[in-house]
Amino acid sequence: MSIAGNVGLEDLPRICPLISRRVQSAVRVEETRVVTVGKVPFGGPRPVIIAGPCAVESREQTLAVARAVKDAGANMLRGGAFKPRTSPHDFQGMGVEGLRILSEASDETGLPIVTEVMDPRLVETVCAYADMLQIGSRNMQNYPLLVEAGKSGKPVLLKRGMAASLCEWLGAAEYIAKEGNLEIVLCERGIKAFPAGEYSRNVLDLSVIAAVKTETFLPVIVDPSHATGVSSMVESASCAAIAAGRHGLIIEVADDQVGAAKPQCDAVQAIFPGTLKRIVQFVDSRVEQSWLRKAHAV
Amino acid sequence: MSIAGNVGLEDLPRICPLISRRVQSAVRVEETRVVTVGKVPFGGPRPVIIAGPCAVESREQTLAVARAVKDAGANMLRGGAFKPRTSPHDFQGMGVEGLRILSEASDETGLPIVTEVMDPRLVETVCAYADMLQIGSRNMQNYPLLVEAGKSGKPVLLKRGMAASLCEWLGAAEYIAKEGNLEIVLCERGIKAFPAGEYSRNVLDLSVIAAVKTETFLPVIVDPSHATGVSSMVESASCAAIAAGRHGLIIEVADDQVGAAKPQCDAVQAIFPGTLKRIVQFVDSRVEQSWLRKAHAV
Amino acid sequence: MSIAGNVGLEDLPRICPLISRRVQSAVRVEETRVVTVGKVPFGGPRPVIIAGPCAVESREQTLAVARAVKDAGANMLRGGAFKPRTSPHDFQGMGVEGLRILSEASDETGLPIVTEVMDPRLVETVCAYADMLQIGSRNMQNYPLLVEAGKSGKPVLLKRGMAASLCEWLGAAEYIAKEGNLEIVLCERGIKAFPAGEYSRNVLDLSVIAAVKTETFLPVIVDPSHATGVSSMVESASCAAIAAGRHGLIIEVADDQVGAAKPQCDAVQAIFPGTLKRIVQFVDSRVEQSWLRKAHAV
Amino acid sequence: MSIAGNVGLEDLPRICPLISRRVQSAVRVEETRVVTVGKVPFGGPRPVIIAGPCAVESREQTLAVARAVKDAGANMLRGGAFKPRTSPHDFQGMGVEGLRILSEASDETGLPIVTEVMDPRLVETVCAYADMLQIGSRNMQNYPLLVEAGKSGKPVLLKRGMAASLCEWLGAAEYIAKEGNLEIVLCERGIKAFPAGEYSRNVLDLSVIAAVKTETFLPVIVDPSHATGVSSMVESASCAAIAAGRHGLIIEVADDQVGAAKPQCDAVQAIFPGTLKRIVQFVDSRVEQSWLRKAHAV
């Protein structure tokens, strides 16, 4: 019995030849292609920490969080100006005004920015402000958007769709690569499975990362905030992701100083800067260990 | 423990007030809003059968299948001119040329057309040829596309995303409704779950339909082709869907006369016109029964 | 990359040779093995309707429901004397006393009984009262229990586990067959997948049935009560299952006359006898149609 | 719309009062109950490493692996004498003879033994040889077995069912606790979800652990072998589990010295002793770090 649409890992050389490790002998086995954003290298010896608010909600909130994540040791700033929301009646983001605020936060802190783009007609605008484009889970298979992101030449953070197989995810990355843009960082952010909603938002799938590393040379990071959806779980998910050898994290952080305005987006999954600092320390200790191990090995 | 993003049916009046049965008292309990495409009414006493090829691959193939599905008793024609494919190296559809072919097939057979649009910049173009816009599973949460589809005023067939909860699906429909367009037909097409790939492509979720009918007044149909992915399963899935009270079916049909050219898309899930005829007869017998039952009830 | 435990339909001849259609040429293609319980044949031209209370809770309740389902046209009586419950502090069933009550209900109505057994040490006891043993979802891979059920020679109703692949399910049936007992009826009762809990208890997987029929000659029925978990969805799920060609249904029915005592088990998924009557009528109309169709075909 | 069987974390005090942290104030917040097997404490400051062959296949193989895992620094020995297999025609384990071999391996190495029991009639026999009883995933809701394991008073390793919610899992543990046995260690081993089979056997759900720790005081470990099903993924999954704060690991190890006899069970997910040694070193480094951190904190 043959089933339409059934593909497996053995089909990857056909689905995504440009990013398939098996096809591209230029990148050696075990090696990752380094994707550099500003001066931040994804896929190098040190995991990259991206942190920031879920959404840009005001200049004050964004600058405060940006300073806090910089102080905590993060390498890049995240924040949504265009927000994909389940209901059209919910806050949809500050738009271009939000991009300007992010840009100001970047200028002040020196942290490069990644922000989501959802509309192919807005890729150029977002590129004018951001250092890296984020394609969110809902748009992983929005092919016209992927093509525009590819054409832009900007580094792209491509999140895995909530029900995407590895073949579908790498196929989506190939749409960007086909336009001549190999500056792609993949991001696992949890999948939909039966326990979702009982104790966590999604199910963080760490096994996919080992498979990603086998099948492609693109760097891959983890989003522990959306994977768990519960702030008290973010630290342990972050440490798990780093211990398992991922190239970085993207984490939602809220400002605990700003008491008044309650964040509108996903407040219960955002951690505070103090927790972020502990995660950065864990990353540091891991890097040191690896360095020592290699030093001893010589 | 509170989880970000967790919403339930009790949140629907807030998520999608415009299409929520509980909010909109204008449409009476148990009643469906009739959405008319050409002269074909969705949500009326008779289920609507949409049939046609997966993709428009040539003028000959499309006209041949269009005639065959007309003969078999289908009410509308489907066919993809812009095809969302897992790999960018696969056939992406004939584009505008495909729309022209569909239009010719519609003129000849009198069947209205539904065809997929993936790019918000192409909504106007597709509207010039099609009677109904299809938003596919991969784009269920492509909000800029939903907004353009809403603005167009055209009837929209909104497929459920592969991992979409009911709240997310109805939230997506609300994006269309918010632009003043209530000409929306929902379409269940199977979800991703663990058995997918063992004996079927996806898992057809018939229970969601009862929930759809409780929560909204929009008509809802079923796509047994993508739900099963196996041509020999399409007939029984179609009968199951109709028996359970859905407002229609959208089915992929291949032409068994055209021997030469092998269809490129999803051939193993397409049925032949003879099977379609049996499905139409099943629908007829059900309508008769309901009519008789009501007649006896008087 | 090879994965432990990965098996597919192509492995069925090795996993379950005794019940594999491909191996056992004795049973002709398209034909089902008829399993007879009392005088009730599963797998014959007429779908079998099993109905009754979730649990035997008292003599009065059980006799009342038994009479009501007999009147409504059901062919067999179900009811739990040993109940598998999530918490050990919940009602665990009336045990042997419950079996005696079921037996009395069977004597009075003439309906054969199916009831669950969970403990291999109790198979003999349950066999003394029941006409058919039920192995529940939680125990689908309780192999010592399957072996005892096989040795007993009694007909067995084997429910699918909540996360069982087709290979695992048929492998479980093979444990019974290996003891020389081919009196097996399979039962699909919904699987665990992401939407479970939002609008239904589980996801009814009708596609598996077509695959079951291809791979084995054993009859297969559907449990719409546990599949949906919502009484208002049971009728449409039942009709869907019958239209799709299954060999029967097992349905939970509550007595609407007994006002006082609230059923302890799964009350919200039990239907009332009036709804059961409509389902039986639907089955009758389908059987008639098939008969007419074949008569016309001659 | 109310759904049968729907329970959530708020129901845990009713489902499992004996092991619920919220109910049992005797065990302080953040504290874990220490379960000691032989002299090995689960839930103490040092994660426990259980390792050994999938199945006991011969005296030579078992002794060789036992010595190797002892040398690598494991704390306990695992090995199956009674094996739950998908097909009854596959090797079912060496039975009591296997238990004797495990016992000899334990005597020689000093490592306590954990081994699976599937039949309530065999609990006493297995208790005569083993230091800890394992209840496997397939039997997580085999309540008569849980009751016998509870009555035995032996420490029990309770694996999570492949589709078990947290409520169902803790409800199963409560069956053991109700018999007066609180010597329970929980074990996450991967769940069934859509990607299973594409690149891994199951999906390791690390988020459930944080929820386990919030809801109960029982220790919880992780089985990276069954969670991934791919030997090359076991090390990174092990490190992830430990970094995320679990109380131990249970890992399948094969002997790379024994060339001749190919292991029959799950060979592709077993690691070699060299890899186990690296995992133990990772655990050591983590324990040291925590110790240093606490020392500095004073």
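Read from first to last, the chains carry the letters A, B, C and D; within each, the first residue is number 1.
Methods note: contacts are C-beta pairs under 8 Å (C-beta built on N, C-alpha and C of every residue); 3 or more make two chains touch, one makes a residue touch a chain.
It should be emphasised that the depicted structure is a prediction, and the values quoted were computed from it without experimental measurement.
Chain centres were defined as the mean of their Cα atoms; on that basis the chain farthest from chain B turns out to be D. Once the centre of each chain is set as its mean CA position, chain A and chain C turn out to be 47 Å apart. Note: centroid distance chain A to chain D, computed from Cα atoms, is 33 Å. Counting partners per residue, chain D has 1, 9, 163, 167, 191-194, 197-200, 211, 214, 230, 232 as the residues that reach two or more other chains. Shown here, the protein chains touch in all possible pairs. Chain A makes touch with chain C in their complex at residues 1, 9, 192-194, 196-198, 211, 214.
By the touch rule above, chain C contacts chain B in their complex via residues 8-9, 163, 165-167, 191-195, 198-200, 203-211, 214, 227-228, 230, 232-233, 236-237, 239-245, 282, 285, 289.
By the touch criterion stated above, chain D contacts chain C in their complex at residues 1-7, 14-17, 84-89, 118-121, 138-139, 141-145, 161-163, 167-168, 171, 174-175, 178, 191-192, 197, 199-201, 225-226, 229-230, 232, 266-269.
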